[in-house]
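So, here's a batch of structures to check.
Next, two complexes with chain A in common: one pairs it with chain B, the other with chain C.
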Partner chain A sequence: MSTNKQKFLNRYHVIFLVQSAMVGTGILTLPQKLSSVGYSQTLFPILFGVIASLTLLPMIWMNSKYPNENLFRINEILLGKWLGKGVNLFIVLQFLVFSSGIISSYMHLIQSTALPEQTITAPAFFFILLLVYIVRGGIRSVARFCIMTFFITIPMLYFLLWAIEKGEMSHFLPFFNYNGKEFYDAMKKGYLSILGYELIMFYFPNIIDQKKAYKHALIGIWISIVLCLITTAVSVMYFSEWQLKYVEFSVLNLFKAGEFSFIERIDIIGMTLWVFLILSTVTAYLWCAKRGMDSLLSKERKNYIYILALIVFLIIKMPFSQEFQEKLFSASSYVGYVILVWPIFLAIVHLLRKKQVQT
Partner chain B sequence: MKFKLVRTTKVDQLIKKPNNTKNQAEQTIETLKKNTRNIDDVLFKKIPTDEGIVTVIYSSSLVEKMTLQSMVFIPLANHINQIHQVAEVIDPSDLKDVTAKLDSGQTLLYFHQTNTILTIDTYSAPTRAITSTMTESTVIGPQDAFSESLETNISLVRRRIQNPKLKNEDQTIGTEANIRISIMYMDDTVNKESLDTLKKRINKIDYPSFTDISVLKQLIEDNPLSPFPQYYMSVRPDSISRYLIDGRIVIFMDNSQAAVVCPTSFFEMFISVEDYYNRWTTASLLRMLRFFGFFLTIMITPMYISALTFHPEILPYELLLNLQESRSKVPFPPLFEVLFIELIIEVLREAGSRMPAKVGQTIGIVGGIVIGTAAVEAGLISNILVVLVATSALLSFLPPIFLMSNTSRFIRYFFILSAGLFGLFGQMLAFAWLITHLEGLKSLGTPYLAPFIPRKASDLLDSIIRFPTALLKSKTGISKSQKK
Partner chain C sequence: MNRKFKLMFTLFVLLFLVGCSEKEVKVPLEEVGMVGIMAFDYIDEDTTKLTVAIPQYSPEAKRNTQIFSVKTDLVSKGIVKIEKLSDKKVILNQLRVVLINEEYARKGRVEKVIQNLYRDSEVGNKVLIAVVNGNGEELLKGQYLDKPNINFYLNDLLLPSINTAFNPNTNIHDFIYTVTNPVFDPILPIIEKIDDKIEIKGVALFKNKHMIESITPSEALIIQALQGKKKLAPLPLDLNKGNGKEIVMLDLIESKVKIKSNKNHKSPKLNIVLNIKGTLSEYQGKREHELNTPKSIAILEDDINKQLRKDIEEFLKKLKGLKIDPIGLSENFRMYYKGKWNDKLTDATIAKLKVDVHVKTSIISTGTLK
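After this line comes the complex of A and B, so read on.
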């Protein structure tokens, strides 16, 4: 493959790929996840943003050492063929389970509110069909979908207007009313909501302007952070501390505050429109998993996507208890943290091996 | 029976029998007659002239008598030198090729004494006069439209762009029918890469005949399976000239009224050339109406299904009451109710367009008023749905390109079915599919969703809002033109 043909993601693609992969189901439940710190959660997204910007650094640094390889290849180069492939297999599985978790939780949400008389099988099936359709177009198709998603879903901010009007500004203060344990708990659960920017390690070789990739990814991250900040701020204004803790999908309840003379429940429109955000997140993960499959089998085939989609569907429909499923999905979310620090480990290996080669 | 058989074989023998006594000239005539056997509009006329006997051969259906008289017969009788000035000498040995010339409306002159064949271009097949367009009419602006003659169409464009840089390359396509097409472009602005791609695609075509340019269009589109038209089609010379100046490529075809413009974008399907004649405020308003009308027409009736089948709680109490009251007698679920009335509208539309014009109007009234009101009164459909369906049917006719309004009608069924399956969620899935499909489409290699991709800031001046004319000088991003 020639380098020209491989590089086709411009800066807008990068910005919105990073941004859309971060905003998924996470933001729906963010205020609840942060509820251990109560009303002081307002500024947490900013803290997350800082951490994300810092953890992005080793990723970009690692990728810039191998400008034409994605993380799967880098693993193989640095860790050797077999260890590398083992790690890659693990990452692919992790992505599959992680995306299944996102889809599953969204489907259950849809089922419980919008389609109470159906099981999730048929909606999930059609959702996955659409997923395959988007991913088949390659990362550029995914990126374009992300851009469109952003512009289609951003008008939803308007629905928050009523919640702001009815909200109470004084809830914001004090900013730092929590102890260490509460802080740790909020960090552990809340940071999951903004996972997704780490995928840049997989499509980095396709970026045209790799030198500015860090800057563009940062813009993407901070757009998402601002959205999270708006979410937490409005939730803090609108809800009581008790509600924050026990209302699971707080964003939807914010929408419920809205009143039009011709539409009663804005939250249903908002929730169904949310499918764009879910699609944009999951397509990015699935595309990366497909690249992983390519590198595992050392062949590039378009058909792998069908196999992956089937696996995702089976994971969603697995015949285990609800508790087991939830455990699995939350475990895979925490494994997501490992991928964040993985490039730091790789960087150390890289430096060590470089010394070996030099001496 | 037997007697007849014998007789025919005798006649056959007589024809096939080589006649050695005939001289060379008569032999040539004989071969020509044999080649044009059973083509009864080819006429042979022997005329004595100063240079001996000349046989004039022409196809009476392609050559007008007046043309023949002034270009051939009068000069033959009086000034035979004139003939030699305008005629072209061809090789008499290949007589197969000679008959092909007759088919393109040329007249052959066979000089018996010298055994030479001359041809004169006398093609003067009957053509329609230039009339105003019935399909893309506008209130303001020029009213002339293309006709079915290639020459007329090209002349209508050349009159508007008097520039030597305007090129047109002729070509013959269709493996059996031999149809002439002409590719027109501005030499200094057109994107040469796109032009090459287009020519390659046209040369690759293996198709027997083309009865309209829309057949060719479907064969050279980027994604033939998509419901969306990927090239612009118009019968208006002013619209075509605008696109030529912008650096697009235009294809004309003989016997076809419309011309095809490529590349084009999804958004351009909602632009009427009248927008540039109206004041910018009016034009912007109309454009917004057409563009959002497209999304409304595919969303209105599915919304009705979703709201009534899956999410009645989405509607305020009074509105829901109103709706339920109006369909209290309706026995069908909303999905079938909508499909039923949408199909009736389709039937009305199709019947109206197939029927003779005078009957068509009556049928429209019968269908619209009688079926509409009667169906509501009979309790088959709710009257609110009639309003919604009628609105969405009208909205579907807003795009100036008829192919686009057909597309919107087709896609609506897709949305109706998804809404019937999963309500609003299904609609959003369908919408996501639509977006993905549109962003994957290409028109001659350039993205269909321009001006979103590829982005060019100046394109936004001529998008949903048409800015004042003085600002619209630069070429659009989609034409990828050489000039800025």
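After this line comes the complex of A and C, so read on.
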């Protein structure tokens, strides 16, 4: 494969790939996840943004050492063929379960609110069909879809108007009103909502302007952070602390505050439009999983995507109890944290091996 | 050729697979009974009388509303019972108004019932809640001959209207918000059936999930003014200034409130400045013929200030006596308090609260006549 052919992601692609992968179901439940700190959660997204910017650094640094390889290849190069492949298999599985978790939680939301009389089989099936279609176009079509998603869904911010009108600014005070345990709890649960930017390690070799990739990714991250910040701020203004804790999909409840003369339930519109955000997140993950398959089996085939889609579908429809599913999905979320730290570990290995070569 | 055969074969198989599908039962719109109003009447601690009003669109029916009444202990159980009585499938998607009779509000599990509706995704958050003076079932079954369907009538009556008539509407979100927020105590409008009309009588004050007191609309107006509502309903005032009986009506009021706290919840003190701008729409009393100079208006403004101040102070004293805080005054102390604020702190703050009220009225116009 020639290098020119491989590089086709321009800066807008990078910005919105990073941005869209971060905003998925997470932001829907973010105020609830952060509820252990109560009203002081407003500024948490900024803290998350700082952490994300810092953890992005080793990722980009690691990738820039191997400008033509994605993380799967880097794993194999640095850890040896078998260990690397083992890790890769793990990552692929993780991405599959993680995507299934996202889809399944969205489908349950749809089922409980919009389609209470149906099972989720058919919606899930069509959703995955669309997913396969987008991913088959490669990372560039995923990126284009992300850009489209952003501009289709951003007008939803307008729906927050009523909640802001009704909200109380005084809820923001006092700042930093929490203890260490509450802070830790909020960090642990809340940070999941902004995962997604780590995928840059997989499409980095396709970026044209790799030197500026860090800057572009940062722009993407901070767009998402601002969206999260708006979400938490408006929720804090509008809800009581009890509501923050017990209302699961706070954003939808914020939409419920509004009303046009011709539309009564804005939350239903918001929820159905949300499918774009879910799609853009899941397509990015699934594309990465597909690259993982390519590198695992050491050859590229478009058909792998069908196998992966089938696995995702089976995981969503698996006949296990709700409790087990919940455990599985939350476990996979926490594994997501490991991937954030992984490049640091790789960087250490990289430096050690370099020394070995020199001596 | 081979591909074509495969395609044909698949289509052929798919065609017959249709027979395996389960027949999906979907309720057509005509067979859905959309509940518009729910009313809860108190029977005893465990049982409630649940009454629902469903619009009847069939032209053959003599009445335009179906009313069903059942005794039940759980709300959803009641709905199932009603479904047995009804010829339609009963759904709550179009619920607009929830009525609670006064006895239920004082003794029943209002919070649980409302929370149940809040959880239900079918029900919107903008369902209005009101307390009924008397019996909710009777109110629904009443004959309002010059009014449309009771579903629309009640909803329009309780809806926040743009005209300035007094309206302390409370929807599900507001109720849950105030009931769960330690700095607030919920308020609900009280309605009553009088002959063939329904009237908003006043406001019910809640304490710890139960109604404890009802107040008049003019007192409720003070709550709204102090909560920072920008447009207020017309305000009638009784001036007792030694000039005999004087009644003033202020209209089109724009109000602004500034509350400053001393940030100390142990010896709480509030400084409230209320600015009111309005038109003098009516005056009755001795000064009727003097009110044409700016000076005399200024004197009247001053009198209104004093009277309003007195009213507000008296009302706050009353709230203090009841140990409730429907205005959310303790929020001004929570803002500066480190740690978790709770109901006990609110009670303590209200009990010790000292208030300094200042009112500034400005009458913009007195109409076009000299």
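Note that the second predicted complex is superposed on the first by the 359 of 359 C-alpha atoms of A that agree within 3 Å, B and C clash if a C-alpha of one lies under 4 Å from a C-alpha of the other, contacts with A are read in each partner's own complex, and residues count from 1 in each chain.
As a working rule, a contact is a pair of C-beta atoms (placed from the backbone, for glycine too) under 8 Å apart; a residue touches a chain by one contact, two chains touch by 3 or more.
Everything numeric in this text was worked out from a predicted model, so none of it was measured.
In the superposition on chain A, A:Phe276 contacts chain B only, with no contact to chain C. With both structures placed on the common chain, the touch criterion links A:Trp242 to chain C but leaves chain B unconnected.
By the touch criterion defined above, A:Ala122 lies against chain B but remains apart from chain C after alignment on the C-alpha atoms of chain A.
Shared-chain residue A:Glu323: touches no atom of chain B or chain C. Between chain B and chain C, B contacts the larger number of chain A residues. Look at A:Pro174: by the touch rule set out above, it reaches chain C but stays clear of chain B. In the superposition on chain A, A:Glu264 makes contact with both chain B and chain C. Touch criterion met: A:Met148 reaches chain B, while chain C stays clear of it.
Applying the stated contact rule after C-alpha superposition, one finds that A:Ile134 touches chain B and leaves chain C untouched. Residues 264-265 of chain A lie in contact with chain B in one complex and with chain C in the other. For chain A in complex with chain C, the touching residues are 38, 112-113, 116-117, 168, 170, 173-174, 177, 239-243, 253, 256-257, 259, 264-265. Remark: chain C residues 26, 121-122, 124-126, 173, 176-178, 180-181, 184, 331-332, 335-340 touch chain A in the complex. Partner chain A is touched in their complex by these residues of chain B: 310-311, 313-317, 319, 421-429, 432-433, 435-436, 439-440, 449, 452-453, 455. Here chain A touches chain B in the complex through residues 12, 110, 114-115, 118, 122-123, 126-127, 130, 133-134, 137, 141, 144-145, 147-148, 152, 261-265, 268-269, 272-273, 275-276, 279, going by the rule given at the top.
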